[in-house]
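First up is the structure itself, then whatever we jot down about it.
Chain IDs A, B and C follow the sequence of writing; residue 1 opens each chain.
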Amino acid sequence: MQPDLLNPAHIATLLQHFRRHSPLVHCMTNDVVQSFTANVLLALGASPAMVIEPEEAVQFSAIADALLVNVGTLTADRAEAMRVAINSAREAGKPWTLDPVAVGGLTFRTDFCRELLILRPAAIRGNASEILALAGMQAGGRGVDTTDTIRAALPAAVALARQSGAVVAVSGEVDHITDGERMLAVPGGDPLMTRVVGTGCALSAVVAASCALPGDRLTNVAAACGIMAQAGSRAVAASQGPGSFIPAFLDALYRLDGEALA
Amino acid sequence: MQPDLLNPAHIATLLQHFRRHSPLVHCMTNDVVQSFTANVLLALGASPAMVIEPEEAVQFSAIADALLVNVGTLTADRAEAMRVAINSAREAGKPWTLDPVAVGGLTFRTDFCRELLILRPAAIRGNASEILALAGMQAGGRGVDTTDTIRAALPAAVALARQSGAVVAVSGEVDHITDGERMLAVPGGDPLMTRVVGTGCALSAVVAASCALPGDRLTNVAAACGIMAQAGSRAVAASQGPGSFIPAFLDALYRLDGEALA
Amino acid sequence: MQPDLLNPAHIATLLQHFRRHSPLVHCMTNDVVQSFTANVLLALGASPAMVIEPEEAVQFSAIADALLVNVGTLTADRAEAMRVAINSAREAGKPWTLDPVAVGGLTFRTDFCRELLILRPAAIRGNASEILALAGMQAGGRGVDTTDTIRAALPAAVALARQSGAVVAVSGEVDHITDGERMLAVPGGDPLMTRVVGTGCALSAVVAASCALPGDRLTNVAAACGIMAQAGSRAVAASQGPGSFIPAFLDALYRLDGEALA
């Protein structure tokens, strides 16, 4: 499948939808990136909320516009809360997104994420190793880092999209996003972003939110990748290393001008 | 009840007390804002410690100068640890402060926070929706955001203060602080602060610490709001968005000059 | 025991080893400093991963190059996961490092850390109060702050190193590092670093990683302290307070030039 380049006008449109609709995003994410994820969503005009007790997660998933499930610091208790929250979101007709952090190398989360695939995620976002492992095609990366190239992961992404019904986004030098029928490519970003914890996890939160916004889901997920790549490139240009990148990135997300992008 | 404007000299005095007494603050707070909360307290010269295992929380609440209970990512286990920590703080004569994050919309935390009201908090700090919901006057906001105006929440704040014995602070464009008999108003701050996660939660930690410092409790809680509003205004002036606001805000807290404020 | 000053060439060497070997560090650390710890390791070229479910922690400890155990927000569940992860690391021949946060003042973690000493940590990193308390020579500090001087803690550090087989690092105005036979001193750093949460905890993560890198363990641990002190001094010079220190510190770690240091 040959990818088409994402039209930048779609990035501008998604950005406007973020600010107009301020989607409420239920984030069940890992302990390392909670603050950064919340700040990324806030900078875009979305409204994040982290709710984890099973009883509350069930209640909140039905209220929120979108649910993010990220298994970075999964525990057995958290897995159970995620299961019931996903079911509640589905019953309420709300989209949920899976970030299969480090799947492949660790058995417990790999089994859990594969089990979740039958619960019809709206989107799945990972690096090449994670997508390969989730599709059952390879054993996975080294910790949370990818050891595989994007190109090698594309057949897995297509297969995973067809199997699960999700839009699958593979992050890398050029992001590739597929629904199993079409594929979009989103260039941009910078290797410096891999030296800052949570850029991928926060992208998954933006992807989750994008699935609740008006428009075509494949295009929205690709545009979510585009927003992060655009802000990332601007932040790299304005920073001296991974430390100054963080505030510059949040500022760039906040200041991205939809009209200029279009 | 007509509010009086807080005298800026009280902000300067509280700031000096922070630096002179370096209150040790036991923070039982949510997973999203732990690092920011600790850095805010450290910037002011206080000493934060996050201790959550029930056995340790009981021991530490009696040692620390003040206890903060924030229900942002409440779990059943954490609720039990908070209960025993509060009782230990009370037995040791140490003040405890409640931040009822997102109370109203979520049943588990709403029931829990209402149950805690009989344990005589020294202070309660929330937005208008949270204060209304805690007082039983309205169903609550949208996630962690407020959907109600300050003015609508003032009768609830007064009722809550009278019922619980706490000083109640309602955050908003102008903060209002009441002990049920008097009311103080604190202007300042900036809407940009609502685009940074944890500014409200960190204020609650500063409020908690202020209750352990010399002086009138109502004045101290209002001055805590004043410190954060002053630092917030300075940081907004020095930043390009919510990302650069964060370091600028911590710098401003660290550099606030009590004498200049007075 | 008279300390020798660390040769700066060893700092340069360790820095090069970080970038060449990119050690994979399994961090079982406290809830407050996870993001900062990960960003510090990433800035140095290492690869952090936080894995906490017991089943996964056992699996990952054997895969990772080094394990960090930090008891800052210890719970009974987390303690059990740490125990099995340490045993797994030992069986796989991987070094593990202990950060005994606030040991002395709190019974549960003090008992736990003393129990861990028989599991042969490669390194232990703490402030003077923590090292004294862990060695059973004093009751401990005030929360996470030290109330004792480095000099008073040196006999405890030597005794602890001899008893446990660990290299023991005592952080302070001048860091002292001993294996029970030799002692190295590392000056540098700045008091501003005590106003930023996680600088000590992140140092322990760098110490943990250094134990997996080529070279003498005592020298590596001292060089890890040296890297952080060098970056700290540079960041203080480039910042206006504890807020701007954080990005400046990560930038400095990322940009430290091994050749210039040597």
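Please note the rule applied: a contact is a pair of C-beta atoms (placed from the backbone, for glycine too) under 8 Å apart; a residue touches a chain by one contact, two chains touch by 3 or more.
Because the structure is predicted, anything quoted here is derived from the model rather than measured.
*Asks:* May I ask you to sort the chain touch graph into line, ring, star, complete or other?
*Replies:* Its topology is that of a complete graph.
*Asks:* Using only Cα atoms, superpose chain B on chain C and state the rotation angle in degrees, rounded to the nearest 5.
*Replies:* Angle of the fitting rotation, chain B to chain C: 120 degrees.
*Asks:* Given that chain A and chain C are copies of one sequence and touch, is their interface built from the same residue numbers on both sides (over half shared) or different ones?
*Replies:* Mostly different residues form this interface, as fewer than half of the numbers used are common to both chains.
*Asks:* Using CA atom averages as chain centres, what separation in Å is found between chain A and chain C?
*Replies:* 33
*Asks:* Two-or-more-chain contact residues of chain B, please, as numbers and ranges.
*Replies:* Residues 31, 35, 246-247 of chain B each touch two or more of the other chains.
*Asks:* In the complex formed with chain A, which residues of chain B make contact?
*Replies:* My answer: residues 30-33, 35-36, 72-76, 102, 105-109, 142-145, 194-198, 239-247.
*Asks:* What residues on chain B touch chain C, complex-wise?
*Replies:* Residues 24, 31, 34-35, 38-39, 42-43, 47-53, 55-56, 59-60, 63-64, 246-255.
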